[in-house]
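Residue numbering begins at 1 within each chain, and the chains themselves are lettered A, B and C in the order written.
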């Protein structure tokens, strides 16, 4: 097995298994870099994301972030999700439905002293342009607003890696553009590795520094979008990129 | 009015709930999350008291707990009296026949929590206990309450099993349901009518409370 | 909210568990033909001695089975001596007990029944023939002595085969009386002691059945191994003149006396 370099900064991931879900993934993302994972459903994108988050334990591989090892199958080490510093934005947002917006964010601030959590959470919500929404329940907010609470909650962890699982799939076009812009702002302020799973070629064009094309658990090609578009490694890659919906 | 029987019945209901609901929360949550083989068989077994005639349950409990059985003899040695025809025996029987009434609503409640929420709690850095306390229990609470109310109400009304393993000992195993039966046999229709009315009222109030609770919580979490 | 409810439930449960009665209040089980007689005797007993009893009435056979299964009864008043002798043979009782009464059976018909209260059972026979009798109640002969005696009397009168399919079986003789008088059945064979109580006598008419038509209902009582002082006192009280007077009032033939 080829070990990824144990870089002191950034994220390196190597995953391999044949079953139950085949995986053959090697990737590394530098701090401040946004890597897009694209591919048809069932291609292993979300499984890869869950493995990085510590929500799924593959059979073989190694995951390291900023010099600390989160998972190493040869050493038998596995850091559980709650001990990794992960910001994960779910496709469903996965907000706690019985808690208000601010309580949702505060739940990710468990490492702060109790009296600082509320102020900190409010700052994060305001940074996501959510004003006067503190006491609303998720059901009382629009999809875009829920999405922003979800991002604020992910950032509240002060994550070493930000993981976005098809974050824009459930919002309308206008909201999507605005969310993209906000994500770009966050990246400017917080230089951490970001992995974005998406179906949307437009997301990739506007946000991604590099793109990984996946199919059946394996990476077919990686590089800048330009490179991949101009020189698809094989017919499959070209076909997959062709299938991606293009918003423009 | 047989106050002894009423007090005994309420005590039986409370003790049954206090024992069964925590157990149901553990078993129900586990069943909601597990994918082990034979889960269906296990669920079917736990649901058996729903379809079994109470006399069948009562018969097996008598066989299992009676002074002829290994268990009955061990219990007798440990505590100095038999388990059947005592309040403790009634509690054991009541817990067993109420398993489906407690476990099923609790299991459904935990099943209805989207798995993403557990993952979100983990990535938020919440400990397992905090996730249970802050996320799962508040969301599963209406189901737990339903299980609690069903168990309590069903305990008040259970007759066949209670008669078989309890006999009808005043202050020990004579519940209101049995007392009504006894009153009818003693040609005391007035006494029977009064107790029947009381049981009806208690059951009605219990069920109504559970509906009110569930609705209020439903609104709160909407 | 959740925590408060849960806590109060636990507290209640804990306070509710250790309630085994410490004082000497014996559980006494009695055949249900004694429903009224023994209840009255026990009331007088409690008045005089200030000692409480827990009385449960049911079928003698059921009680015998429960005693074998370890039920914590202290005294057993059976409607049939054989149950007592069986228990004594198994070493579950103090001794072979005492004969305290001999029971009688009656045919009872509720008000408005097409059947007559005829102790010779001749009208029952006619009613079976002309279809006036569709339901007739007796106690379950498998474990209730009064049911078994009723079957013997019916056999003696040659009615058993005709009546068999129309029988409603009460769990005990008290329930048989309930069935016989509640209007669903045209009548029944039940205990004389029950129909002599005001609660039952107002429900219909009755006639005694010849006691030579069946084995005698020799009612035997016995103290069980765990009998305490109160149970022993009540056992003695049952044989005292005031208790015998009440038993006589309810139509029992007492040992040493003739009907």
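In this text, contacts are C-beta pairs under 8 Å (C-beta built on N, C-alpha and C of every residue); 3 or more make two chains touch, one makes a residue touch a chain.
Please read all numbers here as calculations on a predicted model, not as lab measurements.
Between B-C and A-B, more contacting C-beta pairs join the chains of B-C. Among the chains present, the centre nearest to the common Cα mean is that of B.
One simple way to say how far apart two chains are is to compare their mean CA positions; for chain A and chain C this gives 78 Å.
Chain C has its Cα centroid 34 Å from the Cα centroid of chain B. Each chain gets a centre from the mean of its Cα atoms; for chain A and chain B, those two points are 45 Å apart.
Chain contacts: chain B has residues 138 touching two or more partner chains. Interface of chain B with chain C (complex): residues 11, 14-15, 17-19, 21, 62, 66-68, 72, 76, 81-82, 84-87, 137-138, 141, 167-172, 174, 182, 184-188. Across the interface of their complex, chain B is touched by residues 2, 9-10, 12-13, 16-17, 19-21, 25, 27, 29, 32, 35-36, 39, 54-58, 66, 68-72, 172, 174-175, 177-178, 197, 199-200, 203 of chain C. The part of chain A that touches chain B in the complex is made up of residues 50, 53-55, 80-88, 90, 92, 94-99, 107-108, 110-111, 137, 139, 153-154, 156-157. Interface residues of chain B facing chain A in the complex, by the touch rule stated above, are 114, 116-117, 119-127, 130, 134-135, 138-139, 220-222.
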